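Here the chain labels run A, B and C in written order, and each chain numbers its own residues starting at 1.
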Amino acid sequence: MIPAAAERPLENAMMHQTIRSGSPTLSDDRDVHLRLDGLTKRYGDSVAVAALDLAVPKGELVALLGPSGCGKTTTLRMVAGLITPTDGRIVVGGHDITVMPTYRRDMGLVFQSYALFPHMSVAKNVAFGLEMRSVPKPEIERRVKEALAMVRLEALAERKPRELSGGQQQRVALARALVIRPSILLLDEPLSNLDAKLRDEMRNEIRDIQQSLGITAVFVTHDQVEALSMCDKVVVMRGGKLEQVGTPVDVYEHPETPFVASFVGRTNRLEGVAEGDGRVTIGTMEVRVPGRPGGKVEIMVRPHRMRLVEAGAGEDAPTEGTNRLAGRLTRVTFIGDLLQYHVDVGGTEIVVEAASDHGRGFRKVGTPVAVLWRVEDTMVFGRSA
Amino acid sequence: MTALAAPTAPAMPRLALGRTGTAIALLLPIALINAIGFIVPVLNLARMSFNEALAGGGVREAFTLANWTGLFGDSFYVELILNSITVSLGITLATLVVSYPIALYLHRSSGRWRTFLTVLVISPLLTSAVVRTYGWIALLADQGPIVSGIAAMGLTPPRLMFNTTGVVIGLTEILMPYMILSLLAGFGRLDPRVEEAAMTLGAPPAKTFWRVILPLTLPGIALGCLLCFVLAVSSFITPKLLGGGRVFLLATEIYDQAIVTLNWPLAATLSMLVLIIFGAALTAYARVLRAID
Amino acid sequence: MEADNTSVPMKILVGLLFLFLLAPVILVVPISFSGEQILSFPPESWSLRWYAALADNPKMISAFWTSLMLGAIVTFISLAVAIPAAYVIVRMRTYGSTFLYNLFTAPLLLPTIVLGLAILIVFASMGFLGTFTGLIIGHLVITLPYALRVLATTLGNLNLACEEAASTLGGRPLTVFRRVTLPMMAPGIVAATALCFLVSFDEVVITLFLTGPRLTTLPVELFHHVESRADPLVASVSVLLILLTLAVVMIVDRTVGLSKTFVK
């Protein structure tokens, strides 16, 4: 059943009222707070979300990551009740809430556009959810103050949203969603409208608040940096389907498909034929890969796991466990913290990244070079074409 | 004068409404008023044009074409119809000529000045047709400034009241705001850089106007002309008051037949004719639009 | 700011044309202060007699109050009817919305002379001629489309996410409408109010068909007055009407800003 928290009797009472009127308990895993079973959304002939299965344990922050149109926002809105699923179930704390109307779901949703009520002050915005739950006035005042303090905006309580900056509006939206102490926090690309510096700050703030409250949260984003840095689990989606679920390290180091590999982090890609004994032939060259795959394969290596050396230098004597490809340097790009070397390897462009070092490391375009990387850093995927 | 530029449906984001029952209940009042005040009356009017008029102002339910044939057989009415159409065309042209420069100037201005001028253009629309027509009576009357002014210069002043001339002048001014707004809407395609391009390519101002600006603004011109034509052909207050009962146009005749002679079938027939003329104008407009693109 | 690249002759031309545009409305003001018995310009003498004559004219005064009351009632009903209708049409899930919107704004496409006659004939058999109720319905037929247009546009431009947010915070549909949607529609509602009132107050053609010997509105009374004689009395009424219109426009400007309402 719903875990009782003795210090929050009122909210539990509300939640009991709202969720209890759903269908009977379907419990198995005590730990799973939010479960999606075969969740599907079809619009006419097109499928936005295809039979999605997902289990989110209590207190975890899960990122739905993917390119636009992959169905992540549709999934979130179905969980919130703003979109009716075509098929499948949404189960919260053992209760099937698939057909429950939005206003009874006890979830907090932070919108991409913040969606603050323009005609109400910041304090009244935050108080709204509590008013809907008939919380007595003095308690509303106390909790609004608390929530605003949590996002450090107590001083702006009487301002109107239009007087606030983007970052401040976003924090009000967060406070408004959290003050009602929802069972689940939903965030729909809350950081995309902020500038880079602010985004970094807010990422950490949201993560800290989520962890201190121990609240289960689902976070939609197309930015892999946000997904990797903030979340306990990453759910990579594409075309309405789930590509991979795992911890950030899992998803980054052990991608299960080429799409996941190239979407979460930068990659270089080579095509070749695997001989079945750990060797892969790429045109006239040969590399070694982990395992013994066979047939046509795609090889991916991350740019920062590669090293660039001059072709004729002494250090290029091959060592066991290292791959080496010869090529020609076509471009050097300096982007501040990194130097990117573009190398032509047998017709394919490879990018090697190195940390910049006081202006050193600039080589002449056209120099014959060699690209080195560890065998274990190679990601191999089967190829159909 | 109720019709402003052709309305388009607004952007409609959707939100779950719940039961259809609620939707129907909320739409009932407006549907009811629409039915009683619009649909039923207009259908009834069409039906009325086929009824038989009795001497002394009664109506007998029938299905006769007498009203229609009588209309086209009577030279008075044929002249009335042709007159209404030609006068309206003339008014439309005149309104176009005097409105175009204002619209162009307005289009080129911006900021508070532009808002101020736009409000100035719209403000006459917010006063009653009677007030505006009265203003013209004051201007065009024999004791008014124009006539006295011309007489003071020693010339024989023309009669500007109680004739078609007065009606044309008054109606032209009254319709200007509609034309200006339609032109402005159509000016959207007119980018000032296009004019600059023409000038850098060596075109003198007059040529730039005829070869570049005018063609680009044709859609706005077409819309404005349609709007003004239909408003002119159905205009009642101004012809009635400025014409003093001596100018006979479609709208004044409808009113007289309905209220004075009590020949409702004839009045209905004339009304249907007005709608037919509307339809013809709309078709012409659609054709012009297709030809432009 | 100004159209600096316009030539001087062009500016003069535009200025003259603006004068032409505003001439009648401007001219009415000095005439209202004429001391003459008949309409003439320039008048030989000046006085306030025609404003005083207004106070002594019971027909005009009662017509004024009728127009005022009628305008207020029609405006109120228009809003009460058009707001729910706009909500359904804009938020409805099916595609009948466009059809319904076009149907309910269609009365604006018809010339008032035709509409007036059509309503006259139907009202005659229903016994609504010369009644206040008949006038209300007759005015509603044209104010409703205006109100619907303004309100539907306003509603369509609202950020839907705010209503969704209110819903996720526990607001039931009616509460969301009352606490979030309506307040956010406020500028549109003010504009619709002003529009409905002015349209009703100035309406003359349809009203001509629906008034009777004992019931008349100010524009209709003015019409009959001008029909029989043209004297400066109409000018003084006109000036007051223009001031009334200006007052309404000022109120709209103060509350929501003219540029937002009219320059769309």
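Quick note on the criterion: a contact is a pair of C-beta atoms (placed from the backbone, for glycine too) under 8 Å apart; a residue touches a chain by one contact, two chains touch by 3 or more.
None of the values given here were measured: they were computed from a predicted structure.
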item: Chain at the geometric heart of the assembly (C-alpha centres); value: C
item: Per Cα centroids, the chain farthest from subunit B; value: A
item: Whole-Å gap between the CA centroids of subunit A and subunit C; value: 54
item: Chain centre separation in whole Å, for subunit B relative to subunit A (CA means); value: 60
item: Distance between the centres, which are taken as Cα means, of subunit C and subunit B, whole angstrom; value: 18
item: For subunit B, residues contacting two or more additional chains; value: 16
item: Touching two or more other chains - residues of subunit A; value: 82
item: Shared interface positions of subunit C, touching two or more other chains; value: 164, 173
item: Residue numbers on subunit A that touch subunit C, as the complex places them; value: 80-82, 102-109, 111, 113, 115-119, 128-129, 132-133, 173, 176-177, 180, 186
item: In the complex with subunit C, residue positions of subunit B that touch it; value: 1-4, 7, 9-18, 23, 26-27, 29-31, 33-34, 36-38, 40-42, 44-45, 48, 98-99, 101-102, 105, 108-115, 118-124, 126-139, 141, 143-145, 148, 170, 173, 176-177, 205, 230-231, 234, 236-237, 240-241, 251, 254-255, 258-259, 264, 267-268, 271, 274-275, 278
item: Touch list for subunit C against partner subunit A, complex; value: 159, 161-162, 164-173, 175, 179-180, 183-184, 186
item: In the complex, subunit C residues that touch subunit B; value: 1-3, 5-7, 10-11, 13-14, 17-18, 20-25, 27-28, 31, 38-42, 80-82, 84-85, 87-93, 97-98, 100-115, 117-122, 137-138, 140-142, 144-145, 148-149, 152-153, 155-157, 160, 163-164, 173, 198-199, 201-202, 204-205, 208-209, 219, 222-223, 226-227, 230, 234-235, 238, 241-242, 245, 248-249, 258-259, 262-263
